[in-house]
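In what comes next, chain A is part of two complexes: it sits with chain B in the first one and with chain C in the second one.
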Partner chain A sequence: MAPLLEFESVNKTYGKKAALRDIALTIEPGRIVGLLGSNGSGKSTLLRLAAGLNRPDSGKIRVLGHEPGKASKALVSFMPDRPQFEKWMTVGEALDFQRDFFADYDPDKSKRMLEFMKLSRRDKASTLSKGMQERLQLTLALSRRSSLYLLDEPIGGVDPVARDHILDALVEFYEEDSSVIVSTHLIADIERIFDEVLMIRDGSLLLQREVEQLRMESGKSVDQLFKEVYAEC
Partner chain B sequence: MTIEFDNNLPIYLQIMNYIKLQIVTGKLGPGEKIPSVRDLAAELKINPNTIQRTFQELEREGVAESRRGLGRFVTSEDEKIMAIKKEMAAELLERFIGGMRELGFDNDNIVKIVAESVEEVRSEEGGSSRGTTA
Partner chain C sequence: MLKLLKYDVKRDMFMLIGGAIVLIVALLVIEIGGRQIGLGLDGAAVLSLVTYTIFALLILMGACNAFRLNIRSIGRRLIPLGSLQYVGASLLYALLLNAVMLVIGGLQILYYDANGTLEKLIQTGIVKIEWYSPLPLPIGIAFILLWGSLFLQTMLLLVMSVMESLNVKGRALIALGMVLVLSSLISAAENSFFGGLGSSPLTGFRADNQSSITMPGSESAAGVSVYLFELVVIVLFVWATARMIDRKVRIE
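== the complex of A and B ==
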């Protein structure tokens, strides 16, 4: 079977700035992967390329063997780091919008997510607090039965209690044969749920490793290792 | 179940130790059913793959056994449970002895100190003067 996600010497520049340099990686099914890097390291660019929203300048990307496009987008659920719903929408309308666009939208899962997140279909999106907006974002992304979930900073702007709740939702609602890539710079709070991590800096992939292996070999947490790797530059 | 995880150590080892402790202290009885991967993952907020690995290791060690279609169960062999107890005791002792050697005590001294401590605890438990212990 083809890997879930494959990058082969992928490069991307914005104007003169190199956003990604020669990225090669493979993600297998059934994994929760942490994409770790500081602000501006290329995390969002990598996710947007995998989601098929931007094209690489060179190199190959495959999702279950498909080139980025209509076929790959049907398999990938992307949660951007900014709200993807319109201000005038209610929570219900935002979900209906998602339903109309994606064949793998699952109304039952969506209903359970809403309950878990304590959101109501009648809530107006524009009046939600930042934490509740992130919950809605995650609800939209996880309401689909996709092969690959790409979550850009799902715990970026929320307090620790809400953060725990979002992590609970991730463990509870992810499908076992699919994979999730979660970008974050808040590692300590979330590293327990990762199978493996990708560390990226200045657009280059520094390492891709199993987290338990990392802990076993170094006797350190992923958070600690990340700080060390970043301090070297 | 609640565990304070230490992110510096492999999580599956910490969960293994926790389950073994539950077994040794009788909170999980011999032959009792162990929670499912999904349930334990949700409860501990841990990746299901990590729980899966924990269970595989417990089965490999003979601490747990899976029965097709029924789930996983604690071993019902008393000898095995005793063996876990001894293994956990050995780990504690190894750490203790290591620590004592670092402090500069030799073997004879270590034995002497332990004997004295045990005696002290025993007399305290006798409830003669200080009745602080239960």
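== the complex of A and C ==
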């Protein structure tokens, strides 16, 4: 089976600052991948490139064989680190927006997710608390039957109870033949769900490894290893 | 494209309905209140024209702002649509709003026609229309207004996309400068290609003073060739705008 996502020597700069340097990676189907790195390490840039929101300066990106663009956007479900719904929308309207533009939107799944997340279609999205907005963001992303889910800091800024709920929802509702890339720097809370991790620092990929293999090789948890690697930053 | 338009209209619904109500109330105040205070037909006609002009400018600003929000919005940019669709939706939005205003204006003219006001306005010379085109006047005016709006809108969309691509201070000033430069270039090109002949058989609307409106015409409009030239310019503007959206516009 073809890889879901491929990066080949991808570079991206913002002005004079290099956000990504010579990134090469491959994501196979059926994986939950942790994209780990400290703030400003390039995690969001990597996800935005994969989602087709930005273009690389050099290198190639392919999503199921497509270059990022109209075709790849139909296959990728991206949860950005800021609200993707518009301020005027209710929860229901935000979901209707997904339904209108994405052929893989699943109304039944969306309904189940709303119940699981304790969201009401009538609530105004912009007046929800931070934690509830994160839940809505995840509902919008996972209501689609996509090939690749890209979740940018899905548990950033929410309390531990909400974190657990969001992670439970992620495991419950992602499509098993698809892959999920979750960017985070809160490793301890989320480590349990990863099959594989990518560590990124200063725009460079430090490692891509199976979680079990990493634990066996280092004799440490991913969280401990992360703290060691990033302690030097 | 139509789905994008649907969400633009839904987002701006409150403002659009409010705007339409304000326009109708303003016209009623001019019509009814004008009679109460003894405002003549001439004053009412000029005030109505000024009201329509203000609303046309508001529509232009509203459509440009909607476009600016859309091309920067992460939610909109994630949907699997090409950049041309954002431009198309925005042009349709502006055309739709202008068409609604034209309908309101048309209804007012029909009302004036039915109660004899229109005839009086023309007979007394308050409204002067010089029309040399074979097209019927109402269709001609509607076409000229919509074409002019489309042309200006495509230029403004390009300027907006450039503005939203820059990461410097004074972007609004740069945008203003671009509008002046592009307008001057197009005028200069039309003058040199078509010898100063206008594209329109009706060269504009003019409130000469407080009591008369002139719609000066041109017997020697260059006609179709200028429209073709403007169509080429519109296509170039749209293409450049789509490229800017694809490659440069910063997404929030």
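Here is the rule we go by: the second predicted complex is superposed on the first by the 231 of 233 C-alpha atoms of A that agree within 3 Å, B and C clash if a C-alpha of one lies under 4 Å from a C-alpha of the other, contacts with A are read in each partner's own complex, and residues count from 1 in each chain.
Simple rule for what comes next: a residue touches a chain if its C-beta (ideal position, glycine included) is under 8 Å from a C-beta of that chain, and two chains touch if they have at least 3 such contacts.
What you see is a predicted model, and the numbers here were worked out from it, not measured in a lab.
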item: Simultaneous placement of chain C and chain B on chain A, clash or fit; value: fit
item: Chain B versus chain C as contact partner of A:Asp177, first or second or both or neither; value: neither
item: First (chain B), second (chain C), both or neither touched by A:Ile193; value: first
item: First, second, both or neither for A:Ala71, with chain B first and chain C second; value: second
item: Contacts of A:Asp108 with chain B and chain C, given as first, second, both or neither; value: neither
item: Superposed model, angle subtended at chain A by chain C and chain B (C-alpha, nearest 10 degrees); value: 160
item: After fitting on chain A: smallest Cα gap, chain B-chain C, Å; value: 28
item: Those residues of chain A which chain B touches in one complex and chain C touches in the other; value: none
item: Chain B residues touching chain A - in the complex, by the definition given at the top; value: 5, 7-12, 41-42, 45-50, 53
item: Contacting residues of chain C [partner chain A, same complex]; value: 3, 6-7, 10-11, 73-75, 77-82, 167, 246-247, 251-252
item: Of all residues in chain A, those that touch chain B in their complex; value: 30-32, 164, 167-168, 171-172, 176, 188, 191-195, 212, 215-216, 219-224
item: Interfacial residue positions of chain A with respect to chain C in the complex; value: 15, 48, 51-55, 70-71, 73-74, 78, 80, 82-86, 88, 93, 97, 100-102
